[in-house]
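See the structures that follow.
In the two assemblies presented below, chain A is common to both, partnered first by chain B and then by chain C.
Our next item is the complex of A and B:
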């Protein structure tokens, strides 16, 4: 069964949110979805860029209030 | 496409160490082959038990001390652990400091001379801080 997990990286600055996501991504199983919460606007562009390069899938990327919610599915 | 990035850290100021650590961690975690060569004032922060913070170069450096900014030592460690970055101490700097590689943080690789580092860096990008 694939799992969903929320990673709260609010109030940390670049590259903190990305590094937190990658830390959890390494431990996740293929098919799992991780949702990164970030208040760093740079994450909205940087996380998809990383996911594209690493070959993972961006499920959604939206700002709700002051917080970016970026969902990434591990594909390999 | 992954690429080869070699970083030379010389300065012991907070801003330069932070920028080098940011590039090393992001590049390594993105799959680039990263080597960081530490010499001069940059090396002493990685002697085991060293806890003193790095002096700032200017006003911006003070902002880096606030909560939420990942410390440079943590970023270099993540570069090594998450992205297999090589952290290499300059053999000349170790000689002058009269220490061995074993007295540095465990993420550090073997003492490395300039000749080897330059030949390893061939064909990639080389950034100096």
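Our next item is the complex of A and C:
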């Protein structure tokens, strides 16, 4: 059964939000959705670019207040 | 009050020493007892491995006897913990003993798991172990020309190490007079040459200046050690003559075996540094799942906060401060220049131009570490 998980990478600079997301993505099962929370505006472009190249699906990408909420589904 | 520290690396040793100093009177009065359990009687200065790989530090200089680093009031046992029973405030050890505690601190660190990437163990060198660093140094000395590729797995300890290693490789081959025969290729898993934006902004033009080629969004999928090709998850590949890998890491096996955290990373409150759901269990250093660098520097600053809080709880009944995400890491920019990366949860790192002075401070710190780990600096 697929799961959802929130990864709170707000206010982190090293190793940074995308590294955090990839760490958890490696542990996730195909079909799982991970929601990355990030205060780094760079995440809004960096995460979709990585997901596209790695073959994962961007479910949503929106800024609520100061925080980016980026949902990615593991597809392989 | 029984305080049990599990793990004799940077975080555990600093924590135990600082507690012993802050609680001198309580220990003398037999109101507090501090016990440290480690799986080794030796303590390694892990950042020194990079220098071993380049022949700048002898491997035996990385070690001290663990007992010699500890305050005499600390009960130290070389006895690896095999079972955590958090529900009854107990751990069990390899020797079959049971240790009860009132406060537990877990500082068990991380380990490399190159075997998780097919072909990586056979096809790549690394400098995250003593054996690996020595072997890499021999390979570098024998290397006569061709492509040296660096690949970086996630997650890994010391996020600036791959950048430092590239600059060191550049200077190493320059010193040998064969830099023009060596193609240096750097493959990095995220969109920029470093995960921290300001480090990437600094490193990219420095790579250009040094003639270091780079490819981003390269997550290692597999290595073919026979054909000498490394393949990425993103569908690209790189032919190499010498492959250096930053291997993937996990927390220690017994953390996973005891179901304390997926991947061996223990769910930890990023401010209090307590294990989620367990107010009397602290977690510091690489063993946490908090989103800061897995480095000795983070472990050091976390240990100071936890020591201060535990001592304060014992003396006054309340903790005094929270961890603010502070990390300070030197970044070697070659053989004779360095800069540093200092940040916390609020403040971005602002890199200074590399200088000889910072490099020499780093060289000095390689010795000063033994003062830090004793809880003095």
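Note that in this section the second predicted complex is superposed on the first by the 74 of 76 C-alpha atoms of A that agree within 3 Å, B and C clash if a C-alpha of one lies under 4 Å from a C-alpha of the other, contacts with A are read in each partner's own complex, and residues count from 1 in each chain.
Definition applied: contacts are C-beta pairs under 8 Å (C-beta built on N, C-alpha and C of every residue); 3 or more make two chains touch, one makes a residue touch a chain.
This structure is a prediction, so every number in the text was calculated from the model and none was measured.
Shared-chain residue A:27: touches chain C; no touch with chain B. By the touch criterion stated above, A:8 is placed in contact with chain C alone, chain B being left untouched. Once the two complexes are laid over each other on the shared chain, residue contacts for A:42 go to chain C alone; chain B is not touched. Residues 11-16, 18-19, 22-23, 26, 50, 53-54 of chain A contact both chain B in one complex and chain C in the other.
Residues of chain A touching chain B in their complex: 11-16, 18-19, 22-23, 26, 50, 53-54. Per the touch definition, chain B reaches chain A in the complex via residues 22, 25-26, 29-31, 67-70, 75, 78, 82.
Across the complex, chain C is touched by residues 8-9, 11-20, 22-23, 26-27, 40, 42, 46, 49-50, 53-54 of chain A. Touching chain A in their complex are the following residues of chain C: 154-155, 159, 189-192, 195-199, 217, 219, 233-235, 248, 262-263, 291-293, 325, 327, 341, 343, 345-346, 348-349.
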